[in-house]
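Order as written gives the chain letters A, B, C and D; numbering starts at 1 within each chain.
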């Protein structure tokens, strides 16, 4: 594999610390530049993180001395091929478009472009065919070739053109990966998700301890429930290879109820679902057991793991399954309202955020850029 | 109102401490005897509770010197009219039958007799008509009068005959009280409940801290999910005034998914439900606003309270609403799978346990025994 | 007692919500005006508190419609006699001086003026004689009368003159009230305090949940340890009735080590201390048992309560002892380094903050202003 | 190095799960036998641990099929050289003596034999010279040789003789490792320790969640404070190479105050200490920086690490420093009562328990048995 020069936007935030940690020894991606806000500009990463680094392992030495930059109007591509972005949604619009416009492939964990009709939301085990949307993106003007009255797009495989790919909201991955095998057999109908989400999902400083210690908050600000519904619809929907049609909504009925619980890391969901066809419990568990990892990608792990103990998954015990990339599932049982119910769990900062973006970039690099 | 002499079985357990607290100044019920296991027999309540009393207020002085008894084979009624029982399920079978057999009205918080076809599970705002089942109970043999080949039962209003009445599982009350106005209009169809239950629901010592600190356990032992379904079916079902027919299952579709969360007291539930008729949001909220307290009963409070802030109810803020007897509801919104969803919250040790039993006894005393 | 018109500064903050709650039915103090920042000015208290009120009981109805004011340059006394202030330290300097300058008695929970050599820090059971410092204060220029070359001060008992009185840091009260009987017998020598402080001590939003859930932080920002030492020195020190001498440091050796723990409310301290004279355990407990409440003051409660169970005090069980005004003590035992050690506990938002200020105002009103 | 056949007693308990985890890939110690109570006898380890294994990684496959044995009267040595024991104190007396009597080297994490005048408590970086006590132990009768009227002991280096070596209480290691460099320079005088201990220190099920969620308990049952004092005295004391004199108490003044906090793993301590000589802060930090790991031992890590951030150490961030074998220290500052104070932190299940025992066994194997 060729090597990619990689940047990280928002490098001082909590999610980006996970990017930094996961990319420290990546075989394909070499972090060469780090971007932060105006305030930290010019400082070394180590200095800027003084008192802010909240991981249990130290800052990887190779990042310590990188001098922080900002993404401004005069930004130039330099040596960068790929940028991972976890900008907060306010700044994501400008920054990610700017990066794409100069020819960089942006893999974004921000929510801003997820609702953009040009931009795919990708979980590569599920909807890698949505990568096709990249070729119609017009963030990078070099991508568009006008022939007479016809607009044409450069081929996706032409390296060096800028684009934006997002990964979804952290919570929904706990539900979508287990539901995908049923969906892909054409049989999924309705899905009710009730989440119990960790505080790390709200960033830092995030949820005040006065609100959540010994408590449950049945509400996640920022339209979490609607985001989950919208994004599952887009991920599980068809894509027509035409910039005018593009992403279609799935035909699923989806409902999400979101709660915050006093857990540091990892989102639990209780899922009820109905199917068109009948399945036995064993058939569903077999689908999960047979759902294998993507081949050839360094961060790929078994997407889901069914646990047979009745009281699993649990955040503390299952957080690091598959290095935080595997969704743990438990307690599949009949539901008297919909057909089935189960519990599942995602590491929201790894699979649900930084690790998900990196897997997307690996998929793109392996399948479209070689 | 006449005064009742009252006993408490299991008086050294955690739930019973709440009985003790709530009955300290009750206007109708005078606690005269306390029952515990063989181990504590003969000790004063104060001595037996040394290091075990876990309430933030001291042991009420009037109970301190009561000498603990056991309920054995030779138990006699003495001065008792009513006994509140929170025996653990293992001993409830013998003890509660023994008490009823000698002519005592048993109001039980134990689960043992909830599945008995002679015994009602009562939430008095919902199914007080189930009290009619008492008259066919045969725990107290004096209750049965044989006339030739016909078996007759003494009238329920004949004071001094023993019976058993239970109150339901603590969790389901968070769902049933809000759903009752819709059910009673004949329109409720399907209900999905996902619970986030406090550790006090498991008694003492109950849930080990190693299991639940900073964690969620998606499983409650003892068949909690099945209990919830069975008990809602029985409570919301018809009752035919005939010992051969008796309790009918409701026609509802019910599903419960139960989780334990690191909260001390109070169970949260996320509820999705569908109705036969269409309602507006305001119509449902109006039903809740108009759902008034039972009249004349000292412990009765408004059964449900709808809170308009998006992030309510919460265990810490809503625990003591209506003295712990009111279920707090929030965030009613459309559901794309069933029709509606909301969050609700019950104080599991008061409304869900001791307070619920006391309200049942008050209802019986006021309506059937005057 | 005469009635006082009372204002609250910072009325939308967390501590001030406790002021609002405690003053709702106060027999002497009638809240007539509420002050907040520019942002909330002109709104009713109820509107301004939308989503910010974090008490388990609703906003007292009498406060709901009070329109919020600011304390600006043009502030006039109006009907106010007393103002309770919990301004954050940045704004306390201007606001509290302004209030005092127009003739208002300011009882402040802020730290700003605690280090001012004109301003006493008062725990009325301990150092009410420090109230004498008020008469030399020059915040209110009417207080100073120049006779030829001599500066004289109006008598403290002349009502209607402005002054500032503070109550101390919340943590130290857990130690000072138990130590006072030994100190007042002239025998206290050295004190080591190790605190385990609740998150409510840091205000709102305060401590991020990501930092403290399942964790301990051995550091409280803002110089907490030095504050504790300085303030105990001032409170336990002599006062010379002369504006040039004033407050003297105590002769004690004091050391504080501060930790934050995942508790919502109430600070625990482990205290080791040495004495000049020898005492028996019973003698010390007797001092505590005989340490009676201040007479005639509506908020006064027994200052300390010794609990004989080995595992007390505890935040959850002892938070509301004496309505939150009593410090709970436990586990007095010999220390092989200093002479004795014990554990004690203070409700930091009541005795340690709002309740402490109110007790100071009651003491002043009863003893100096009648 | 030669290979040792190793057994684990109490293999189904929580601490022993850590033994199992740490010994899975040990270069010198090969686990060949596992011992548990009568109840589990005859089951495979995997079956016996069904629902009891509480680590985030699965049971190491090499242990899964080992059939559990008990240590009874008829126990024989078989292939075992070393046994690690974390028996609860009740059974430790019989089991550990039995094991030693048949010629096995017992490395015990139980408290029973710590107070025995024949048995050393060892932290190998501190008091490895206490290993000399082994040779006078008479648990294994083959160890004693009578020559006429003289009793002689076999040399410690004679392999294959049974003995018992303990490691200390988990909490005190957080204090003793940092204090050792000062102690070893002959300058340590007085030590006050205030602990904030995690719930894992109480085993499983251990502390009920109802007691500790959002709470602090200022008491650890079983005489924890006295144990800490006794054991530090023994560890820091002299040893005279004579079975009649043996262990001497240190000359230190020691006081411990113990608290339980809602943390899963890792004990924090606030330490105040005085010294005979004067030091600068830098001198003390230098002693810590220069305190190097034991050489040649596979589990040895830097014993202590001084962290320069004011808010460290913290359980969540510093739990796994040095693989859980390094004590993290922070915030060294002057104390106005004793001379200095600092905070330190030990992983109580690794360095404080299983890891400590393994390090002892490694030290013995390397230095006395080659």
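A few notes on this one:
Everything below uses one rule, namely that a residue touches a chain if its C-beta (ideal position, glycine included) is under 8 Å from a C-beta of that chain, and two chains touch if they have at least 3 such contacts.
Keep in mind that what you see is a predicted model, and the values were worked out from it rather than measured.
Interface residue usage between chain C and chain D, two copies of one sequence, is largely shared: over half of the residue numbers at the contact are used by both copies. A count of contacting C-beta pairs for B-C and for B-D identifies B-D as the more extensively joined pair.
Mean C-alpha positions place chain B and chain C at a centre distance of 44 Å.
Inter-chain spacing, taken between the CA centroids of chain B and chain D, is 49 Å. Each of residues 54, 213-214, 262-264, 311, 316 in chain D touches at least two other chains.
Taken together, the touching pairs cover every possible pairing of the chains.
Residue ranges of chain B in contact with chain C, taken from their complex: 51, 54-56, 213-214, 264, 309, 311, 316-320. Listed in rising order, the residues of chain D touching chain C in the complex are 190-192, 194, 196, 214-219, 229, 253-255, 257, 259, 261-264, 268, 270, 272, 310-316, 330-331, 335-338, 341, 343. Those residues of chain B that touch chain D in the shared complex are 14, 54, 199-200, 204-214, 262-264.
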